[in-house]
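Right after this note come the structures.
Next come two complexes, and both contain chain A; in the first it sits with chain B, in the second with chain C.
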Partner chain A sequence: MIDRLHPLSILIYFLSASLIPAFSRNPVLHTLCLITGFLMLFTWADAGKILKRVPVFLLFFLIISLFNPFFYHNGNTVLFYVAGRRFSLEALLFGADSALIVIGVSVWFISLSHYMTGDKVLLLFGVLSTKLATIVSLIMRIIPHYASYINAYRKQQKLMGIYGEGTFLERLRAEAKIFAGFLTWSLEHSMTTADSMTSRGYGVAKRKSYRIYRIRQIDILIMITSVIFILLLGLSLIRGTFETNYYPVIVMQPQGREAILSESVYIIYSLFLTVKHLIKVNYGFFENKQSKI
Partner chain B sequence: MLKPEIIFASSRRNALTRIICVGLVLLCIFAGIFSLFSVSSIAKSGTEITDKTTKDTESFSGVLPDSHSSKDTFDTILNIYKWKMELEGAKNLQDLIDGAFCDDPLNGTNQNYILSIIQNPAITADFSKYTKALSDALYDGISTEEGIFPTSLQKSLVTLQLCLDYNLYKSLGEDYVNQNRLAVEAVNHENLLNYVNQEVTDTALYHTIGEKGIMSYIYGLYMLDNCPLSEPSVSEPEIIDAILSLQCEDGGYTLSGSEGDTDVTAMTLQALAPAYLLKYEKYIELPGDLYERLRQSVDKSLNFLSLIQESTGDYGSFGTTCSESTSQVILALYALDIPPISDERFIKDENNCLDGLLIYKCNDKGFSHSRGSVSNDMASSQSLQALTAILNSYEYESSETINAENISVSKAPAFPTKIVIPFGVILICLTAGLILFIKKKKIIHLISALALGALIIGIFFALDIKTKESFENEKSSIIFSESTNDTIEINFLISADTINAGDIFPASNLYVAKDSTVFDVLKEVCRIENIQLDYEKNSVYGLAYVKGIDSIYEYENGDLSGWMYRVNGEMPNIGLGYYTLSAGDKVEILYSTNIGRDLND
Partner chain C sequence: MIFEKYYILISLFLIAGSLAIVFSRLDKRHTGVRRITLIAVMTALSIVGRFIFASLPAFKPVSAIIILTGIYLGSEAGFLCGCLSAFLSNFYFGQGPWTPFQMVALGLIGLFAGIIFSKRRFKRSSFRMIVICIYGLICGIFYSLFLDTWTMLWTYGSFDLKGYLAVISAAIPYTVLYSLSNVLFLIILDIPFGKRLGRIITKYRI
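Then we have the complex of A and B:
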């Protein structure tokens, strides 16, 4: 379902779900962010693929956690001394908390990069300038196309026995030959493209981009929830509900009613799109009507 | 087609390398397990010793006012012994008595330690070697031309007598209490005469009392009270009369001048206490008017002591508060049967004498002479006597007594991090490298694994990692407890008054090594006092920059806030890592919120 959403609602949802906890200083919220981020991964990737990523994240976690206490020596609970300076538990926990943020946000962004495909990005940028969008889409197509052409050319030369053996100078000459052939071909190709674009009416009138994604009811729902969530959590952030002081001793703001409310709002919001994929819930009214043939 | 021999040869070679590699891996694993076991067994044997002492102390009970339980006090006492043991390098308390104390038995400080052990009902020790050493030292000392200093001779005789008494008590056991008091005294007298010759007793009786001012009277009275010697040159009523005539107007006593001094007053009270309480038969026969004068004088002295107590509970002598004065006052109160920590006359602002004394407890478990200074031998020995007196005044039940041999320095087993961690890292890397080598059959994996291990070990050594205990108990090479030829005296202060955080390290006089910089002293003070310190240091140029002290960091209170320093009221234009101190410098490390402008106002 998520891949059929409007790119704007995807962007707003993913950015708010991952970045707002990152701006808070509350380890509970960071942990929730990481967990829901991992759950979001399950909506599109296999469990095996996800598990393969875990050791890398653990390594990241370790490095970032250890980085802080080696360079910041505040904190009252001393574990040991490094070059005459403290290596404190508080600094270690602060490092661990920052590592949670980094990993949580990166997990969310892995899902974001999966769902925000190139065409969706172009659709969003197309609003700013249609010409720029066209050029970008052309470039996005041409680069892999050219690369594959050069590889095919080189293989063909190798098979014919022209390229591949010999000294460095000979190989350089062969490479230059390939490049010359590729250049002629690309010029010819661009002329063909230009001709075909003109024949289809490029430059005749003001250009509009075609959008396959439309703002539907589900998108409106997501955007409204996002705005409510951003307002609620933003208010809590400003009021200092999530403040945690790490130095010299860890003092977390008492987890009062407001903090628990905000955290539960975050859980509901961040699982809002995930749950449907995981346990196949149907939103009913907000679903787009599919033909039942 | 390959020839069959070649295939066979190559497979055999592969099998051989595989067997060798597997063998190496197994060897590594076994070595790792073995080293782990050996380390854990070291740790176990270390904890057993500490368990033994803590288990013994658990038998003390009794909750006392101000949460100073007898167990706490006893722990503090044990810790002072441990501090002294570490100082002298002794294995246990008995070793300390037989070693360091026997080497210099006439030393007053050592005698204080001995007396405190005798008076402690929960510790048993063997003083036979010390008794011998003391009597030998007396014999040798008296025959030299200068002789022994009168007060020293008197105190030594008291110590010797108490040791003999203790030996007798130990050999007789319960009979000691049951036997006739006079018979015991007769045995004691004989004992003392066996240990010291006629010359010593004659000198003590006829040439010491009143020879060297008030102190010789005080120790003379001690000697006559404790040692069964008779017919001195000056009799007890005469001594008491002489002491009373030396009292100042304010009720105190002093060595010189007209105002009373805490130490001398407290020691006089200790000497007069047996007469005041009519402890011995000979004092019942005192003349009536002399006893009346004694009573009035002692009450006056007590008033004097009550008046000059500081609000923190401790006492001062010659203008500065110190632990020794406080210790002596506690001993005087105990001698006069006044509860030292619960009597209302000696509680100021809810702080009693024990609170006052505990101010001087240092991080290394010893006691210091002045506030914020480092541990000192004399201060520790007198604090020990005072704490023992307090322990005796508690009337706690001690079911078990600890033998001095069981009180040992509970050295936490020095975890040989310097050896074990590199060894472990090499083992892990070697194992990983070998496994990769077997799997992929490329020597580069093994080499790169070993290189990674070497890199980790290099980083480990470059970082200079120390455990908390070893860092805090390191012997200082910058700050010293006593003034010597290589030290200079400076005044040092760390303060964050500008943000109302008060003094982090109150202004104190320190003896520091010559040619030390402000930064060296700051680092040492923070290490000894366990104050948080964050700094950047360039080891090549000696450049140092302090970022935060006691968790107060730069930029925390505005963009222009940070730590600055002042020497003799002026801010030097060079970094504190370059400023070499000279004698008498007044160093202030101050927090400023406005690059020093707020400090100069």
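Then we have the complex of A and C:
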């Protein structure tokens, strides 16, 4: 369902769900962000693929959390001394908290770049500028084309005996030769592309970009929910509900009614699109206009 | 004050907003079809360059190709090439909240290359080569410092000089390697790109 949403609602939803916790200083919200980010991964990737990424994230976590205490020494609880400098518990926890949210946002962005396919990116660019959308679509066409061309070119050079064996310097020279030929060809080829674009009518009338996605009821629902969520959590962010001070001792704002309320709002919001995929429910009313083909 | 607490939020919004404004103004200026396809080719080349050197950290021809685009095709082309190569290559190397910062940094590198060399685009001299190399060196340092500011704001939420120095000092090998690779690639690529682009530009009246 998520991949059929309008790109604008996807963008707003993912950015608000990942970035609002990132701007707070609250370990609870950060942990929630990481967990819901992982659940979001399960909507499109299988478990084996996700488990493969976990060691990388753990390594990342260790590096970021250990980086902080080596540079900041102003915590009160000293664990041990490194080269005469204090290695404090507070700095370590601060680093761990930072690592948590950096990884949480990265996990959310993995899902975002899965759901933001090329056509959706093109649509968003086309809203801003049609010229930009033209360039982006040209680039997306050019890259695979070039890759196949350069392989064919290299094979041909090899058959002619120009490229292949020899010392490192000789092979480097052959590579440079291939690159030079490829460069000339790619620039000339772009002129052919430009001419055929002109002859097919580029620049004759005002250009519009083609939009395959329409804003449906479900998109309006998601956008309204997102705006309400951003206002709610933004307000408690500004009021300092989530503040945590780390130096010199850890002082967390008491988890009062407001903080717990905001956190449950976050849980509901961040699982809003995930739940449907995980337990396969149908929103019915909002989707009944969709074709059944 | 609230504005001191949310540096990163505000800077992210400012940068994304200014990029959106610049992009929405692009259609007002007329750019020929051939120039558009050339920009696309140069951007594709810089993205492919990032792919080829993906295994080596910081040793990338991306900025060099963006600078050359700015020099030979003008500042608008340089800006577009920088922004788009950061944005599109990040689909493979990882999108994140840092993407707008990378887009602005690389875009500005291309933009200023176009402005600095607007008078002597194809005049070949050793003085020009030296200026290009110095520009590449400065760009490498600028790019690293710009993204270090981002790292600082992102991981600590606020800006203070001590933390900034820590982040910079941790990134010194990266900065040095990056700047030197810029200079190296500029020296290697300037003549082949200049010759071919110059030929295309005179042959097809761009």
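Just so we're on the same page, the second predicted complex is superposed on the first by the 243 of 293 C-alpha atoms of A that agree within 3 Å, B and C clash if a C-alpha of one lies under 4 Å from a C-alpha of the other, contacts with A are read in each partner's own complex, and residues count from 1 in each chain.
The definition used in the following text is that a residue touches a chain if its C-beta (ideal position, glycine included) is under 8 Å from a C-beta of that chain, and two chains touch if they have at least 3 such contacts.
Remember, predicted model here, so these are calculated numbers, not experimental data.
Residue contacts after overlaying the shared chain place A:P248 against chain B, while chain C stays out of touching range. In the superposition on chain A, A:S186 makes contact with chain C only, not with chain B.
Within the superposed three-chain model, A:I143 lies in touch with chain C and out of touch with chain B [touch as defined at top]. Taking chain B and chain C in turn and counting the residues of chain A each one touches, the greater count comes from C.
Of the two partner chains placed by the overlay, only chain C lies in contact with A:L112; chain B stays clear of it. Applying the stated contact rule after C-alpha superposition, one finds that A:Y72 touches each of chain B and chain C.
By the touch criterion defined above, A:A83 lies against chain B but remains apart from chain C after alignment on the C-alpha atoms of chain A.
When the two complexes are laid over each other on chain A, chain A has residues 72 in contact with both chain B and chain C.
Chain contact summary for the complex, chain B toward chain A: residues 463-468, 471, 523, 527, 532-535, 548, 550-551, 553.
Across the interface of their complex, chain B is touched by residues 70, 72-76, 78-87, 247-248 of chain A. Those residues of chain C that touch chain A in the complex are listed here as 2, 6, 8-9, 12, 20, 23-27, 31-34, 36-41, 43-45, 47-48, 80, 84, 88, 91, 94-97, 154-157, 163, 166, 170, 192-193, 196-197, 200, 204.
Interface residues of chain A, counted against chain C in their complex, comprise 19, 22-23, 25, 64, 67-68, 71-72, 98, 102, 105-106, 109-110, 112-113, 125, 128-132, 134-136, 138-140, 142-143, 146-147, 179-180, 183-184, 186-188, 190-191, 193-194, 197-198, 202-203, 238.
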